[in-house]
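The same subunit A turns up in both complexes below, where it pairs with subunit B and then with subunit C.
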Partner chain A sequence: MENNNKKSRRDFIRSGTRLSILLTLGAVGGIAAKHLTAEKYVWQIDPFKCTQCGRCATSCVMTPSAVKCIHAFNLCGYCDLCGGYLKPDANKRSTAAEDQLCPTAAIARKFIEEPYFEYVINEDLCIGCAKCVKGCTSFGNGSLHLQIIHKRCLNCNECSIARLCPSQAISRVKASKAYNVKGSFTKDSKV
Partner chain B sequence: MKCKLMLDRYLQMKNWIKITLVFAFLMFNLAGMAQKQRFPKPEFGTGYSQPTPVTPEPRALALEYTDVVVLLIVLSLASWFAIRKRSRKGLLWLSVFTLLYFGFYRNGCICSIGSIQNVSLTLFDPGYAISITTLLFFLLPLIFTLYFGRTFCAGACPLGAMQDLLIIKPLSLPEWLRKTLGVIPYLYLTFAILFAATGTDFIICRYDPFVGIFRMDAEFHMVVLGIAFILMGMFVARPYCRFLCPYGVLLNWMSRFSKYHLSITPAACIQCKLCSDSCPFDAIDYPTDEKQSKNTKWGVNRFLVYALLIPLWIFIGGFAGSKAHTWISKANPTVYLAELLLSKPEVRNDQKNLDVQAFLSSGKSLETLVKEATVIRQKFYSGGWIAGGFIGLVIGMTLLGQVVYRKKNDYQPHKGNCFSCGRCMNFCPVKK
Partner chain C sequence: MKNKGIVFFLIILAVVIVAVVAIDFNASKPDKQPANPYAFNVDPFSRIDTALILFKESRDLAISFSEPTGISFRGDELFVVGDQKMQIIEPTGKLMNEVSFDQKPTCVYASAEKIFVGFRKSITILSRDGVKIADWNSFSDSTVITSIAEKSGIVFVADAGKRIIRKFSFDGKAQGEIEGKSGNDQIHGFIIPSPYFDLAFNTDGELWVVNPGKHSLENYTVDGKLRTWWQASSIKIEGFSGCCNPAHFAFLPDGSFITSEKGLIRIKTYKPSGEFSGVVAAPSKFTENGHAPDLAIDNQGNIYALDADKKMLRLFVKK
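Take a look at the complex of A and B:
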């Protein structure tokens, strides 16, 4: 009899504690629910904040990085003397490897008509080092810029590049507007 | 000597003028660019069609909800296998599935362990929106554990599954070592919450030893850590779960009060001792030795002393935490940068320091940065008191736990530490 009493008392304490834990969890959930979002968020680069430091190539958990160069063709001047394609001290304007800025030769230069050239990024070769972006932004229109390619991005809980980005250019954006491609995305349209 | 100094100063000034000029030039150019492009897009005579940049869409939201459904199913199955079906085999195959799905297919992310940080961040930073998926991944395993024990660890955690499947020859660790190492998860949890709540870092994700294996890609030191844990796990079963996992702390609490819990025997224990060797995690409590618990008077005194010491432990912990806050807060990049710029102004000329250069070119004033850093450091100060106090409480409670004797008649799983893996059930000779 005494044993039974003891047992029921222990059960009572246990179920009481369980209930209070449940209430605590409910409270935590409730407070968190205030900031709940049904929208999916993904990481993306603001090309206007990016300072082309080169960490995107080295800090991503993926090798090669999920950050790639994107070409906003609408903004391109189709220059022969391309600041994003050619090294500043290039011998001649050609496709020779020693003249190219890109370390992996991921940019294909194609003649369109005199004197215009088209520049297309080979995403598989691009490592996201931003060398071309720097060249294009400082000498050209800035049509080349970095973006996180969501087919490759694992959408880590905390983006390891965002943590190290010196200009806080990487932030979470709504998945419905997953890219900040220059042209449609302007400096003023920032969220 | 003086001449040289003058020269130096002149050169420095010249440098500054140069930098200012370059800045002015850049600003001018930027202002111009906003209006029109430097090189306007040409009108093509030939029929050139312009390509569009390829922007593949991210993983669909529906698939994220699928993950929640899969988690719910796996949790239910694990609980059913552990409590009703009493099937070790079922749990084993379930953990294989979890390893493949949440581990190798989902790359170990999303996971309940990491969700602690998202929840803490959203509690302290109203600007941070938490997704439904993350909140459910945090809450569902806790609720399940509150009712069925740590079946999450047995079947639904990819990290646990990985370690569980690689146990080869588990060694039994002495109790003092288990108790001492058992404090580490509390420390890890405390720091993870502190760093997440101050918006500093997600350390659980960053130092997850197995995520590199899941995605087959990691930094060198993380690969070393992952392999070390796997090798260790062959002999010390589930080292991460027992001595590191911060989510395990929460699950431990939940499981202690769980309504149902896996039992070793389906009927009455016949005290055959067979199960005692089956548990690789030393999570089976033995029946108490009557002779050992005779000396009660001394035990009561010790209990009282240890209980009265707890407030002292809390104070010591809190005090230490608040004293250490300056040092801990340096983990925050904003605080670090502000401190660096204040203590070493010459770092402004270091072209190789990307953080400093990016800050200087951002046009943000040092004052604003310092103000931001002060706010963050203040958070670390109050956080240091709370975190330190909590660690003190944990130490006090661990010591108190050493002097509490609870009478046990049978071989029982320790409800807090048992992962509900079901190995012991196979060893029990009592069937029905």
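Take a look at the complex of A and C:
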């Protein structure tokens, strides 16, 4: 009877191997599950910290930059005299290239009704230089602002723009709140 | 000999690597970067020829508001609103009275007998000693009250949300509206891109209203008929720039306009005809991208500017 209760050496090794495999599988599964469910982080600009220095156009590893101007239409005044669209010393308020502030003509000025105009950013043309953002912030409502567009961003471990940003406006944010769009994102928002 | 060569080579290599790393590290610092071809410098527009500055800042009064929003002057008292309160302050800075509200005021106007405190969608009328007399709540949801003035028993209320001026009797009965339209094609009506829509009476009793989207000041009869207007739309110091300026204005005793601009913050003075006279306060006096200061003028023509960013009342007197 005593002999029957004793496990043989072979059984012991077999059980130990099974347990090890089970534990390993569990650990790998757990790590994978944690990895899948963990919050991811991406780089984004805080528009209220941005000083529109223009470095986003030249410092991004992407060409053109993954930083683009976006327009918070709910903040825009739809003005004829738009500080983001027209050069301060523009000859007249027109769509002539010489009067436009944007170096790549990435802003389309559309007539709505007298005297209102809509300004739409062409993302493919925008290089993220922030000239329009500076003009809009200095002379207008501040509806134009920069954001990192994630379908274009490589999400580098160390963002080359963040490293150089003089106002430290670029930081990691949760991927579930990947954009800090003015209007819904306010100065006092906690990311 | 062979070992010496290898050591020499390794030393040279190490020096080169250290030099490359050091140069790269320094070159990558923001202040060591070459000039940015895309930088847009607006500083030249904020520089003012000192010969144009006709006023000097004589004193500042610290105020106990976290978000001051409006100011008025009547008699020898300053009326300041913000947060959820109104303070009556002597020009010396002494606090005379404080009245609390359950919401944040947007503007204030003190007449000879009453104080009108504007909120986003309502008006509270107080006696001059701060006792509540009435509440006017019959405004629409899209109303944004930005300025109040009174003349001959009619209260004029600037509604930036509806882009009209509402008229009321003292007992709160509606007396009509001013839409700012005229037969003149150049005048479109009130264009209010953001909640800055100011109105005031000059010393001759004429109603003047800012049309900020047009960079103009317009004079209306109390019936709402356009009498005259002047416009100054320019990035230069003589004009108003941006989408909605002037944000606030007031009158000197001689009828000259004092204007306050948002964006590139500056306070300027214009003759009663609308011709540019000079500068009261240059942009360098204010916080960059801050709030346009509301204005109040005392009986001597001294200008009180409500600096919401520095949270103080700044007094400017003629040089």
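Please note the rule applied: the second predicted complex is superposed on the first by the 153 of 191 C-alpha atoms of A that agree within 3 Å, B and C clash if a C-alpha of one lies under 4 Å from a C-alpha of the other, contacts with A are read in each partner's own complex, and residues count from 1 in each chain.
As a convention for this text, contacts are C-beta pairs under 8 Å (C-beta built on N, C-alpha and C of every residue); 3 or more make two chains touch, one makes a residue touch a chain.
If you're wondering where the values come from, they're calculated on a predicted model, not measured in any experiment.
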- Task: Determine, under the contact definition given at the top, whether A:179 touches first (subunit B), second (subunit C), both, or neither.
- Result: first
- Query: Thinking of the overlay built on chain A, is A:30 touched by subunit B (first), by subunit C (second), by both, or by neither?
  - Reply: neither
- Query: Touching A:101 in the superposition: subunit B (first), subunit C (second), both, neither?
  - Reply: second
- Message: Taking the superposition on A as described, I'd like to know which of subunit B and subunit C A:63 touches: first, second, both or neither.
- Response: first
- Message: For A:78 in the superposed arrangement: first (subunit B), second (subunit C), both or neither?
- Response: both
- Task: Classify the contacts of A:166 with the two partner chains as first (subunit B alone), second (subunit C alone), both, or neither.
- Result: both
- Using the superposition described at the top, determine whether subunit B or subunit C touches more residues of subunit A. B
- Message: Touch test for A:129: subunit B only (first), subunit C only (second), both, or neither?
- Response: second
- Item | Shared subunit A contacts, counted only where both subunit B and subunit C touch the same residue | 53, 55, 76-79, 140-142, 163, 166
- Item | Contacting residues of subunit A [partner subunit B, same complex] | 14-15, 17-18, 21-22, 25, 28-29, 31-42, 51, 53, 55, 61-63, 70-79, 112-113, 116, 118, 120, 123, 140-142, 147, 149-151, 153-158, 160, 163, 166-167, 175, 178-179, 181, 187
- Query: subunit A touches which residues of subunit C in the complex?
  - Reply: 28, 30-31, 33, 36-40, 42, 45, 188, 191, 193-194, 213-215, 233, 235, 241-244, 263-264, 289
- Task: Provide the residue numbers of subunit A that touch subunit C in the complex, in ascending order.
- Result: 52-55, 57-58, 76-83, 88-89, 101, 103, 114-115, 127, 129-131, 134-135, 137-142, 163-166
- Mind pulling up the subunit B residues that touch subunit A in the complex? 33-34, 37-42, 44-46, 48, 50-59, 61, 64, 107, 109-110, 114, 117-119, 122-123, 126, 128-132, 135, 139, 142-143, 146, 201-202, 205-206, 215, 217-219, 253-254, 257-259, 333, 354-355, 357-359, 361-362
